[in-house]
Each structure stands twice: as C-alpha cells, then as structure tokens.
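Chain lettering (A, B, C, D, E and F) follows the sequence in which the chains are written, and residue indices restart at 1 in each chain.
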Amino acid sequence: MARFDGRAHDGLRPVTIETGWKKQADGSVLYRAGSTVVLCVASVDEGVKDFLKGRGQGWVTAEYLMHPRAGTRRQSRDGWNGRPLSGRSQEIARLIGRALRAAVDLKALGERTISLDCDVLEADGGTRTASVTGAMVALCLCLDGLQRKGLLSGPVLRTPVAAVSAGIVKGEALLDLAYVEDSAAEIDLNLVATPDGDVVELQCTAEDRPVPRADVDRLVALANGGISALAALQRETLARAGVSLDALVMPKS
Amino acid sequence: MARFDGRAHDGLRPVTIETGWKKQADGSVLYRAGSTVVLCVASVDEGVKDFLKGRGQGWVTAEYLMHPRAGTRRQSRDGWNGRPLSGRSQEIARLIGRALRAAVDLKALGERTISLDCDVLEADGGTRTASVTGAMVALCLCLDGLQRKGLLSGPVLRTPVAAVSAGIVKGEALLDLAYVEDSAAEIDLNLVATPDGDVVELQCTAEDRPVPRADVDRLVALANGGISALAALQRETLARAGVSLDALVMPKS
Amino acid sequence: MARFDGRAHDGLRPVTIETGWKKQADGSVLYRAGSTVVLCVASVDEGVKDFLKGRGQGWVTAEYLMHPRAGTRRQSRDGWNGRPLSGRSQEIARLIGRALRAAVDLKALGERTISLDCDVLEADGGTRTASVTGAMVALCLCLDGLQRKGLLSGPVLRTPVAAVSAGIVKGEALLDLAYVEDSAAEIDLNLVATPDGDVVELQCTAEDRPVPRADVDRLVALANGGISALAALQRETLARAGVSLDALVMPKS
Amino acid sequence: MARFDGRAHDGLRPVTIETGWKKQADGSVLYRAGSTVVLCVASVDEGVKDFLKGRGQGWVTAEYLMHPRAGTRRQSRDGWNGRPLSGRSQEIARLIGRALRAAVDLKALGERTISLDCDVLEADGGTRTASVTGAMVALCLCLDGLQRKGLLSGPVLRTPVAAVSAGIVKGEALLDLAYVEDSAAEIDLNLVATPDGDVVELQCTAEDRPVPRADVDRLVALANGGISALAALQRETLARAGVSLDALVMPKS
Amino acid sequence: MARFDGRAHDGLRPVTIETGWKKQADGSVLYRAGSTVVLCVASVDEGVKDFLKGRGQGWVTAEYLMHPRAGTRRQSRDGWNGRPLSGRSQEIARLIGRALRAAVDLKALGERTISLDCDVLEADGGTRTASVTGAMVALCLCLDGLQRKGLLSGPVLRTPVAAVSAGIVKGEALLDLAYVEDSAAEIDLNLVATPDGDVVELQCTAEDRPVPRADVDRLVALANGGISALAALQRETLARAGVSLDALVMPKS
Amino acid sequence: MARFDGRAHDGLRPVTIETGWKKQADGSVLYRAGSTVVLCVASVDEGVKDFLKGRGQGWVTAEYLMHPRAGTRRQSRDGWNGRPLSGRSQEIARLIGRALRAAVDLKALGERTISLDCDVLEADGGTRTASVTGAMVALCLCLDGLQRKGLLSGPVLRTPVAAVSAGIVKGEALLDLAYVEDSAAEIDLNLVATPDGDVVELQCTAEDRPVPRADVDRLVALANGGISALAALQRETLARAGVSLDALVMPKS
C-alpha cells in the first residue's frame, strides 16, 4: 500500500533545518519536517531556579506552544490570558526538557539555565519529535556560543539526541507519521534516542485497543533507522553553520 | 544485591485491593501496593461532553491527585485555589484515561461518561501504575452495576488491563519500584498491558543518560511478569466481590 | 415524630474514630458519623508564615475539601485547576482553623505550624462539625508526637473542643442532623464547645424566615449534650491509641 | 471603664443613612456608623440563575468588597485581576445574601434577581453588620420602586432585618464595636435579627480561648437592644425618602 | 444643532470637585462632570516596586474600576474573583498613571509610591478624563500633606495637568462628550494637557472610518479650551481646601 | 546629529514584507522593519461572537504577543499558564483591531470573523506599528481569497491603512524609532492613517514631561510621510503576490 505522499515505509519526510533564523537568541533553528514547522530557540540565563540552587549544576528546560493557526482552523492560544495550559502542551514540554537534559552533563554546564522555546508554526503530525530534534540543534548552537565565549571549561554534551515517530496504519509499520497517518494509526510510538540507538525516552500508545508486543518491536526498529538519518542531518546542519559537533561532545570517560 | 525490603528482583510489593470502600460511588477500591495507597472511585454520568455528542459513543476519563500529606512532608494541594494543575498530575490523569479507554468498547458503552477519581493517599513509588490497576477494578465494579441495572445491552469490556513499573538500579533490573528505588533508577519503565501481554501503553525514560536498547527489553519482560500477577489479583478481587470478570468481557468477534 | 433513622431527638448518629489511618502523617483519623466520613490529617512544619514571623508563636490552620463523589452524583472538584475555591469551602476551612486555634496555646506551641487537612469522603450532613471533632483528635495525636520527641517543653493544649449540629425540623429540635434532616430544617445551628460547655464558636442560621430567640436556646442546650458525648468519645479514642488526653492539657493557671 | 469614644456600654455609634446617593441604581444608601462607611446599592435584573430557573421564585444576592484605602494603609483590591477572592470577603457576602433572603418572600418576588453591592469605603469595625443594615434599606427602596411600577402584585417583604455587633473587651460587654475595640475583644458576636428580636443569623466567635455560655447570652441581649434602635432608624430613613415600610411588608398570614 | 443638554459646542458639563471626601486617604476627591461620578483617592507608601529599587526615584501609579452599577444595568465587576481585568480597564489605568507621572518630578519625590484609585461610581461618558482631572487634585492634596509633614525637601510637582474629551458628532465638533454623544461620535479625542496647552497625552480614534487630519486639529483646539477651564477649577478647589497650587509647583529651572 | 544607523531624520528603516510565509493561514506575512520582525497571520471563521449576532455584520479582531526571546534576554511569555495578559499587550491588540476595523466595511464583510495574530519574533522598537502595517497586508491576502472563492459579493475594503512611529530625541524629530531611539525619546507618537493622510488613530505620549503642541504637529507631519512610503510598499507587495489592491477596495460612494 502506497503512502499518501509516496514515501517508502521507512522513509522520513523531507527535513530542513535552517540555523541562525532569529537574531535575538543564543541558538535558533527553523525546523521543517514535511509540512510541520517548528521554531526552536535557545536562551541562556545565568543562575538556576530555587530548587537547584547550591547544587553546583545547571538546568535545561523547554516550553512548547502551538501557533493559533498551526492547523487548518484557528484555535484559541493554549494556556492564554488566565486559562491553564493544556495537559497535552505541558506533557510535551516536559518530554522535550527531559530529552535534552539527558543529552547534557548538568554538572559540567554549571549554574546556568538553558531554555528551549519550541513554537509550532505549522502542525502536520510529529510536532513533539520535530521539537526535540530541532531543539537539539539550537542547544548545540547555544553551547558552541558558550564555549567560544570561554564560559565553559570544556565540552558539556554527553551525546546528541534526536526523535522520531512511527506507527502502524492498516497493519503496516510506517516511519515519521504525517497528521493524516497519525490520526488513522492503531499504535503510535515516539522514540528519543542517540545516533547509536541508545534510548532516552520511548513512548508507545495503543490508540484504540491493546496491540501485540511484536508490533512495538517493529516500530522501535523502524524508528531507530529514522534517528540515524536525523542525527546525520543534525551533524551536517551544524557543520554548515561552522560548528563541529565533535567539539561539543565530552570525551568518553 | 538484596532489595531494601528483601523482595526478589521480579517480585511485586504486597498488593491488596479492598472493594466497596466508599458507599457513594458506582465502584470503588482502596488499592495498596506496599506503602502506596490509592483510592480509586468510579462514577457514571449519563451523557457525554460536547466534543463527543452525537457520535453514539461513551467516554472514560480520569483525575489523579495527591493528598497533601501523601509523602513525608506536607505539600500544597496541586492545582488548587486558582493555581493551574501541575504538568505531572495532568500527564498521569491522561495516561489513566487512555489506558482505561483502550479497555472499553466506547460504542457499546453508549452515550455515558465514566469518571475515575484516583486520590493518592500515601505515595511510595508507583502511584500511576497503582492508579491504573486499581481504577480498572473500580471500572469493572461500575460496569457490573450498569449491567445488573439493565442499562447495557451486553458486555462492553474488551479486556482487563493492569499496569506496573520496572527499572534498573545499580545495573539490576527490578520490578515494581518503591520510592527509594525509583529515585535511584537509571531508567524507569511503566507498562500498561493486558493479561496476555498485549501492550496498551509503554513509557520508558532514561533518568540520567541514554541507556542501551537491551535494557528496555529486559524491563518489558520483567514488567510483563508483574502484569500477569496483577491481572490474576484483579480477577480474584472481583470474584470475592461477587463479580465475574468473564461476564463483563465481550466475546471475541 | 420519629426520626428517619429511629434516633432519639437528642441522639447522635453512631460515631467511630479510627486512628493511625494514614502512615504518612503526624496524626490522622478516619472519622465517621453515620454516613458522613471525613479523613482528618495533621502535619507539622517548623516555622510560620511571614505575617507571624518573630512573634514567638505558632499557628494552626485547616483545609476542607469534598471528594468529587462525596454525594450521590459526581461533582467537579471545588477550587480546582485554575478555578477559585468556593466561598462555602473557604468558610468551613476558616471555621475549623479558628476552632482548633482556640484549643491551643500558640505561644507555648512555639514557631511551628500544624495543618489539618479535612477531606470529606462521604457527605451526609454535618461535615463541618465532623471535621472539627475529628481534626481535634488528629491534633492531639500530633501534639503527643511532638511531646514524645521532646520538641515541646510541656503541654500546649488549653482544652479539647468538639462540634455538633442541631436544628429544628417541623417544629422539633433535633441533634446531629443528617442530610435529609438538614435540608428540611427551619433553623440550623453549629456549636463548637469544650466538654464543660464553654463556647468557641456558635453559628445559627434561620434557613427560611426569622425564628424566635427561644428556638436558638433550645438548640444550644441540645448541642451541649452532644458535645459532652463526643468529648468522651475523643478521650476514649485517644486512650485506645495510647495517648492520655490529660497529659496533653496544660495545667490550669 | 469608659469607652474610647465616650459611648455607653450599650450605645451605638452615630448612624446616618443617606438615601438616593447613586443616580444609577434601583435603591442606594450611603451608610455611616461612626467612621465606618459602606455604599449599599440594589440592582434588579429580570430572570434568575440557571439553578433556580423554573421554580417560580426570585433570588437576592450580595457582594462585599473593601475599597483599597478603606483602612489606614492602602491594600491590594481583594480578589482582583486573576487572584481568587479572599475567604473573608466571600464569607461576608454570603452572610449578607442569606440575611436579606430571609427578609423576603422569594416566591412573591417572582423570577427576578436583586443584587446588593456593598462597597466598604471606610472600615472602622462592624463593616459586615453595617452592610446588612444598609443593604436592607437599599432593598426596601428597590422593592418600593418595583411596587410603584406595578411589577409586583403586592408586598413581598416578610419583615425588615438589621444587624449589629457586640463583644466582650476586658470583661465588659460592649455594643457595636469600633476597630480598636474589636481587635481587643475576647469574644465577638454578630447578630442579624428582626425588630421583634427574632433571629436570622447569630455568629459568635471566641477570639482567643473558649468563653462561658453566659457571656454569649449577655451579648445577645445587648445586641437585641441595638437592633431595635437600628430598625427604628431604618424606618425613619425610609419615611424621609417617602417610602412607608409598612406598605412593603406582607400582611401576617 | 442643539446638544441634548443645551450646552454650547465648546461647553463643559457642570463640574464639581468635592475634597476630603474620604477620611482614610492621603488625598481624595469626589469628582462629578455632569452625571459621571468618580471617586479619586491618593495613597502614599514608602518604598517602590522592585524594578525601581535603588534608582533614587519614586513612582505614581493608578487603578481604574467601574462600580458594577455605574450604568443603567448591573454588570459583573471587571477583573474580579479570578477573571483577568479587561483590556479597557488596564488601558485606562495605564493612561492615568502616565499622565500623573508626567506631572511629577519622580526623582524629587524620592523612593515612595503614590497610588491613585479611581472608582467610577456613575458612568455617563468621559470617565477616563474625569479620572485624570480628579486624580490630579487628589495627588495635589497628597503632596501638600507630604510637604506639611516635612517629608519632601521642596515642591515636586512640575505642573498640574487636566484631561478632557472632544468628538465630532454629525459633523459638529463637541467638547466633553456625554455617553449619548460619545456613542454617536465619528471620531473621539482624549487630551491630557497642562494649563498652558503643553501636551501630555493625545489619543484620537476614528470610531468608524478614517477622518481628515483637519478634524483632529479642530478637536485639539476645542479640547485645549476645556483644559484651561478645568485647570482653573482644580486651582480653585485646592484653594478652598486651603492648598496653594503654586506652593506645590517646582520653580522653573 | 546623525542617527545611530545613519538614516535621515525622515527615513524609514528597511522594510520587507514576505507573503505566503505560512501554509496554514488565510493570509500571512513576515514583516521586517529593521531588526523588528512580526509574523502576521489572518484567519477567517464563519460566524461572529455573541454580542454581534443578528446584526448582519462581521468583525475583525487581533492578538499581539511577544516571543519570549524577542529581546536581548528571555522573558516569561506574557499572559501565559494562568497569568493575566499584561495591560500593554491588551492595549496593543485593541489598537490593531480598531485600526483594521476602520479599514473594512463590516456590513459588507457579512457575518464572519477575521482574526489577525501578530507574533513579535524580534523586537527592536515599533512593534505595534509594524503589526498594523503587516496585518493590513495579511488582511488583504485574506480578503482576496474570500473574493476568489466567491464568498463576498464585492469588495469590502474601504481603504488600506498603515502605521508608523515618530518621536523627538534630544530635540530632533525622528521617523520610525528603533528601540535605542524610542527609549531616549521625549515624546512618542504612533499614527495609523490612510495613504491620503486621513487619520484612523493618533496616540501621542510625552514620555517624561509635557511637550509643546507644536512638537506634536511636527511629528504628525513626519509620520504622514512615512505612511505614504509604507502604503506604496503594501501595494507593491500585494501586486508581487498577484493581488490587485484596487480590486479589493470598494468604489467611492
């Protein structure tokens, strides 16, 4: 069965990562995966929140927000003007934050906070994985800046990470679901992982009814392939921006 | 290495499920797993929220809340008196709701809403999985009541589900983590599954740094063992309360 | 005219006070008066809020909250997820706090705060008076713990207090109204008092139209009888839990 | 012992009730009791809130709010710009509403809502009782207007009501406490009653420690004297405004 | 064409400014312009908000609020009990604050904050300009008090300011619009200016469609005439209250 | 005196208007004026808010929001997650809405709502005028789409409008202030006008002390020059996007 856009089952949508998109930022990318577009912006602040003070470590945090016209109809801004933020947005922001903290040695970062703002400008499925993959590049640009300014005594990145979705639609395992596929999926998986396949976060949800364990395994394998391709793209993007990913990664201890 | 409470690596904490605990309810259990205690209460309301009206289907939803003294120190009630509910509480409530919706045929349920209120009275790790496993039993009691009153034309349960955690602590894979173990875990997995091992939801998070894929697989296997034991306990609990689980489950089509 | 449950006009509903109900707490009771059930939990924190700092005294405060299924139908949690807390809940929490502060010598308590969380699990009338009477026992358990740990230089309790309702239904003065009686009452009284009949708080409301002063006097007399019985029960409950009430009460100066 | 302002123990502060103070209103008074000043404004709206619809009755409700500079220092407006309203303000608003509902035959009023807005412009003790007594006059002006417009088929007032405070300061029972007295009181009573002494609401709070029942009785007697004087003043005020109180009161059935 | 109230095109409504209206205040006026009534109250607090600390200057700020029955029907209090304050109220409060800050030398004022509370008791058009003009007088009374107490080393007022509206209705330029005129205006102008015609703030809005530049000029000229008359009234009002405006104004440098 | 960026006193910053920037939208532009960048997005919804129903007219509304890293340091998102939106943001959103409603014949638009979302991605002064000028183009693209789909019976635009700022810095009148100029300005003007110089909105604020009327006149003249240039640019931008502005404008009646 052919996919709606002619991709192979294990094919990613076309991904472009435009760096330096925002002038005011410590790192920014406009991340496009097919029709999904996310603006990922990194900001550094010296100091940490009260709950971390005095522990001699930094923090990485994230916010995730939909533009009101990210989809086919305008929707009220989530969590705006006195309304609580939706559970969905908070859940995704927490995922992005956890994913990037796993990538960084917070002790080595020192008592500073890096915030990643992920604004979804166009939503066509996979916004959370696009946010993680794009925010990773913004984070690297930001860390590169800190290193160049001599604010870090050495690399603080343990490893890059990337994220991708996969799902089973009408019995077929598909990589990187667009919205039309996602809404028909029987099972939906989001994987955050390293280029080597180490797992940072795995979320797998049967959308309608329980699914066999083997289906999960098929999806993880499929997603790992996507992670490799995305990791290569992250590396190339940084190189084009004059940043060597290797120079940001801590030597193996 | 021995566990702090002498359990085997693949051992559950002692679980008790007390039914009929609340007089005002359509199904209620007091669920205890070791020192974790959750009050799970099911309520039926005729009708559904606006976004579902006219679709000829019902809904299952959940709320999750910590008692302010669930832990060793009193904390402010989450999301209370004008404050937004925390992302963590919303995320867990959404998980419980998804897990139980996967267990029910919402079309067969008809246009009614079942709410599961999960109040954590004591928190010692595993509160979200305890909430799912306990709420499942409260849901069954509630469905049994609907069937006895003749409000359902037949069984509406596709399958029972249960949930359990697992994690790797100092290199060892352990089932059903208590708080002291959870806070030391390198990786933390929560599995919602059927007695047969079909997956409803799998959440796996590396707490500190990325972990090998094989570790995830070890934890899934361990968790599946726990699910089987919990499913048996759910069945026995219902039987003791005079409810046959088989009579609630839809015949295989 | 007989009462709906066969009680005498001056009869209390069956009251049970289960202590040690929560493991994580500095004092806890599950208080049952007929079908009304309240979980009363005491927590101690060192220090006081800003408005009291430096005055060399402590504080006792309370929160009161209904479980969403405390009644015959599920209701939204009061004051939850961005909504302001209802006037009724705030009013009752303030009453419980004032009642218990009158019972304690705040100077002798020292700069610490005792919080009483009263969660109404089942509501069948009299939830505010049940909360006061139950919270009093939780407070005593908590003070006993502080004394045993040597954190207090001596007893800090001036006197125990208890609370009960009374009302006039179809012309007859009745003690300890259940919901069905309360909703038919022409006048409703809540009395917080000491075992000796000294008054801490008296609230009397004509539900429909003004009532003669003599009716108030009849209800106060009736309520005083109930207070004596509840005070005796509080004493016995503490004794069964190994706590001598006399050892908690300050000597008359 | 002389009072700070030379009043007798059973003396009210000078009270003036200015009617017709606001042009836009269905009844308004500026109520002064000593240095306490409350603007009480009545507004009629046709129809009732959802919870009353179809019951063939009306409603009387109240709001109570402090001007930010009602006292010696400016304070933030209570419950303003996203903050929840304080428990104290809600409690007082509820008291005012209950008191005035007891004065009116809601069936005879028909399906309309009368709102009483009580804005405390200057606060020197007794603001809640001033609000009740002043709002009663505003309500009468409003009912007079409804009768004149032929919107009521006859009188709908069961009885006028008034309110006053009393308290024991250094052992002496005093009527109508000013702030300096109120803050030193051992016990504080607020009575809402009819000119004949029938009780609408009695609230009595021991401020520091439990007090003998006899003290409550002394205060009630003292307060009843104050109510009589205030009721006469309400009657005279209305007469001066061309409104006969007798013409508003329903004949005894 | 005659105006609805017989005024000349360049005529102000009758204005009265009653001083000393509130006992608790550092300056207060009840300002009436035709049927519009605003209570303007000044309060001084030592110290400034965090964002100004250490700059050696003071601050002047304002709040603006409608009484719920300021108009012909009762409306919910704006921004109350958890709801955000409306954009309109915030916008007007910001305008009043800016206008009065332009009138004061904040350095000379020293590290203290003057708050102006403008409560609209009756609204018949021109409430924002009435608030500015009235608050100016309350501010002068407040500054006079500070000078008398010796808290200021000299005058801190640069200049008095006043405000007035103007608009074009059916082609005619009219000064000081009442509500019935304002709602029919094609263009609406609010001018805050000094007695000499220097501009503090000019806001001009075409209500329906763009208007020629010349219309704006006509309105500014008209408004300047109104400012002169209001400035004279402010001066007389202060003189009657025993305050010399000249003694408050800093000498020209 | 030379400007910081070498512009003439009456020179605009370089302006670019990129159309079709967002795929999901009924009209979108990325508007750049110097270093200020605003994403302006138009969305159409059939129907209008309750307060307009049945009047046979449409509505145009706007939201204005800063990206958290629009400036040199990250700031919390305004009005987010339970916090009320700031007065500044509401004031600007209301200005944009009024400006665009003056440009449209709401009756001719019919019962539909056009929302303009203005997201400030980079802030370097003039964000509100950039929002108006950019949103005007997005609105034209949106109206063109409605006309092409045959949803409008004819043109509904009365006139295009544009907006620009001007101010006096160290005595010199400057057009189109950048942030560094704006923060030093003695007086700040924002003008919304038509290409012919008709006024839609004029806001002029003395930042520190009152300024002579003549200064306002100088700024208006300067701003009118800027409006002409911006109007020409709007026209060219639309033409490049294949939209004839003349075809959108209603014939003069």
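Just so we're on the same page, a contact is a pair of C-beta atoms (placed from the backbone, for glycine too) under 8 Å apart; a residue touches a chain by one contact, two chains touch by 3 or more.
Keep in mind it's a predicted model, so treat the numbers as computed, not measured.
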If a chain touches subunit C and subunit D alike, it appears here: B, E
Contact-graph distance - origin subunit C, target subunit F: 2
Same or different contact residues where subunit E meets its copy subunit D, judged by the half mark: same
Distance-maximising chain from subunit A - centres being C-alpha averages: D
Chain at maximum distance from subunit C, centres defined as averaged CA atoms: F
Distance from subunit D to subunit B - Cα centre to Cα centre, in angstrom: 52
Separation of subunit A from subunit B, taking each centre as the mean of its C-alpha atoms, in whole Å: 29
Multi-partner residues of subunit D (each touching 2 or more other chains): 79, 81-85
Graph class of chain-chain contacts, one of line, ring, star, complete, other: other
Pairwise chain contacts under the document criterion: A-B, A-C, A-E, A-F, B-C, B-D, B-F, C-D, C-E, D-E, D-F, E-F
List of subunit B residues in touch with subunit F within their complex: 82-84
Residues on subunit A engaged by subunit B in the complex (per definition of touch): 79, 84-88, 90-91, 93-94, 98, 102, 158-159, 161, 187, 193-194, 197-206, 208-213, 215-216, 220, 224
Contact footprint of subunit E on subunit A as seen in their complex: 81-82
Residues of subunit D touching subunit E in the complex: 22-25, 35, 37, 39, 41, 43, 45, 63, 65, 67-74, 77, 79-85, 115, 117, 119, 121-123
